[in-house]
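Take this structure first; my questions come after.
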């Protein structure tokens, strides 16, 4: 690269230009702004297709998901529980699930005031 | 009598200084943010910050001298307020104008820096001690060019009163162009006096965690913050009076001009602050002593010669 | 105490930088002995971020371990998983599809862009150049948005899996990648220009934190720190992996040996990353993106390495034939650069300390890796209760009884 | 010194090491005899020019603790030299003079595996926190994180009769 003259305040031009441009920051609104399509958020569960193989529980790195069958082997009553305090939103369970009973949404506004309310049923 | 009390306390005295300091701080922060392509604070943010700080608990370090610790912020704030009273805001003369008030202002404006030093030294904490010594070192760097930069226009005008200087340049507006080099010098030195980028080594947040004031909290810190913003206003006003003195003779129009001039000066200061990295304390010393001091000295000599040559 | 007196007599001050300090973005402790403003001795204490990741991996199967490894570091999450996947694939003898290699390459270079932009911002902040900090972090958002679209998260993309990648790149997304590359290139050229011309920047960066080529050899520094001393240490060239077997990388070196050299290397590396991304997007082949991976690995051990944004990342896996690793060892790039830190700090000024520390782009989490991974949930609540009890006591001592005030239970 | 040359040289000088390479740029060796090991490292450093100490991988070998010193040279060959020390009295000598970059990893071996390293200069422990119970080495296989009490910082394994 060609040797250039050193000078102070080289950013001044850009700084003044930015005065008349829209700011890059924006006030946060509880909306979808900034959330990309395909963002890994809260899990969705379809109990009808679940075969209770519990592969998702085996592959979950933090042990956040629990699948329970309250019915019998023939007449299933499947329930999935997720501890969102542990979930790292890697969605490996979605990849693992052989019947595609699990999927994910882009819902990321999941904060809560108590730890108990982070344990939800999907 | 009543009028002069009003002048000192309300307008264009202390209350105006307070209000206008908040405005200038808001301008400073907002423009700085917009230059950085940020949104910036809402207009009431400086006031809200100040109120919040005043409401916070004060913690005094165990080793500190209690009285000194509490007195320093007040003293520095008072000194700046006193300095501001010597600057013409409404009309051509200041509230307290007298022969030699320029020198008084210079000394009054030194007091906050010394208070910073004492505050840091009194805190007995490693960061604040380093910050205190940096404050003092930096003061030795900028005081000489700052004094010479402030005295150069006075020499040309032949008076030691700020109002007098302003009046002189109002009559001879073209002479202000002669003082252009010292104007730049004084902008840089004021930046250093206010401990703003690029000369904020004394309070460098990422090195010594805020420097001299690191142990201050609550309302004492609020007073120091108030000092900083009032100092900004006072220095901008002095610079406006010394280097940009255009007067119309109509009081309210002069006041509008005063606002415009201080705005312009603050904008320049923001630009300086936004476009440079913080330079080290040894580099600051070198820069002031080897570049700015010779310029200011030369200007002083030129002004002396001009005064003789022009026969003013 | 006597130590302190001695120091005072010799006019020496010990300045603690960290574990909590504005210039450190993660906890690390540096005890700096000052003589005036000059650093006479520096003691580096790290280990505050030890989370026991290696132990955690030993009790998990490989699929779980992958996500633990991803969280070794927030910034180079892709590099760590890539390295781990490569080790797994080598041991399992998997042939990764070409398209997967390309996608890994694109994400890897985007990560390099994002990491170096982050570094540039942090470095600018350390020397008080906040405007540059804001600009680089603003531009970094462009890359983060892309990564969020590719992987589904801003930081832990989760792109890699054993035998390939988890998500495909749609043509539309590739167009956007090229678009962002164009935007960024223009900005990066501006920053490169700025780094070469801005006086205050050069004054602060030049000649500090010197690590000569001999020192680099002695302390075996890696990544931009080594390359700034003119040593060509780039795994992408030394041992090409994945897509870099097909695409040649120009190694950026510099001969300044100081923080300024590291800045220039990183800025130029970003331009190089953009060049690589363009080639990869243009040449990406069609085909599958992953192959089926086994759950168990044969007995064996493997060392795998990857050029992370901060330098060479080495992973060691030992398998005993089960679906759990017997031993996982992560040698993160920052870990290699700590050794020369005291040497770099000594002899310079206190004002230079933050930027010298920042110049190796330290990632404390990477270095310390992992003990308690999963909170049991009770800690938090007891802590809250304890804090509240303490504060009530405090207020009672001052004559106020807040116990009667109903506070919403958090 | 590339991979093949290194293997030839190593096997000639130390046949017991059985240096092998499954793929280019990687050399694995068998465990060296404790008295031989230092010589091996010195030989690799001075004669074979493996001057970069990359890291030390500690492994739990049942009764022993294995230490794999991973060295590298200018041609980026990764050479793994190993040593085995008994768990009951794990003791090695510091290689800090040859490889300053290995000292941090030696400290790690001290903390995580309980290996005593003689000749290591005094310094902060790494990476475990201050107040970590003595005699607890978390990366040994018998150490189970489930028994560690985070509040009191004590390791409380269930007593044998409880387990029965």
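Per-chain residue numbering starts at 1, and chain names A, B, C and D are given in the order in which the chains are listed.
By definition in this document, a contact is a pair of C-beta atoms (placed from the backbone, for glycine too) under 8 Å apart; a residue touches a chain by one contact, two chains touch by 3 or more.
For clarity, every value in this text was computed on a predicted model and none was experimentally measured.
Where touching is counted per the definition, subunit C and subunit D have no chain in common. More C-beta pairs in contact connect the chains of B-C than those of the other pair, out of A-B and B-C.
Spacing of subunit A relative to subunit D, judged by their CA centroids, is 39 angstrom.
The distance from the centre of subunit B to the centre of subunit D, with each centre set as the mean of the Cα atoms, comes to 61 Å. The distance from the centre of subunit A to the centre of subunit B, with each centre set as the mean of the Cα atoms, comes to 50 Å.
Centre-to-centre separation between subunit B and subunit C, using Cα means, comes to 42 Å. Contact of a single residue of subunit A with at least two other chains is seen at positions 8-11, 15, 24.
Residue numbers of subunit B whose C-beta contacts span two or more other chains: 35-38, 274-276.
Chain contacts: subunit C has residues 131-132, 135, 138, 198, 200 touching two or more partner chains.
Chain-to-chain contact here is organised irregularly, matching neither a line nor a ring nor a star, and falling short of all pairs touching. Every pair of chains that touch is listed here: A-B, A-C, B-C, C-D.
Subunit C meets subunit D in the complex at residues 29, 43-50, 52, 54-56, 58-59, 90, 217-220, 233, 235, 238-239, 301, 303, 305, 314, 316, 318, 326-327, 329, 331, 335-336, 338-339, 367-369, 371-372, 379. Subunit C makes touch with subunit A in their complex at residues 60-61, 63-68, 70-71, 131-132, 135, 138, 141, 145, 148-149, 152-153, 156, 158, 161, 166-167, 190, 192-194, 196-200, 202, 373-375, 377, 380-381, 409-410. Contact residues on subunit A toward subunit B in their complex (touch as defined above): 8-12, 15-16, 18-19, 21, 23-27. Partner subunit C is touched in their complex by these residues of subunit D: 23-26, 28, 51-55, 57-60, 68, 70, 72, 75-76, 78, 80, 99-101, 103-104, 123-129, 138-139, 141, 145, 148, 150-151. Put simply, subunit C touches subunit B in their complex at residues 13-16, 21-23, 34, 37, 124-132, 134-135, 138, 198, 200-201, 203-204, 349-354.
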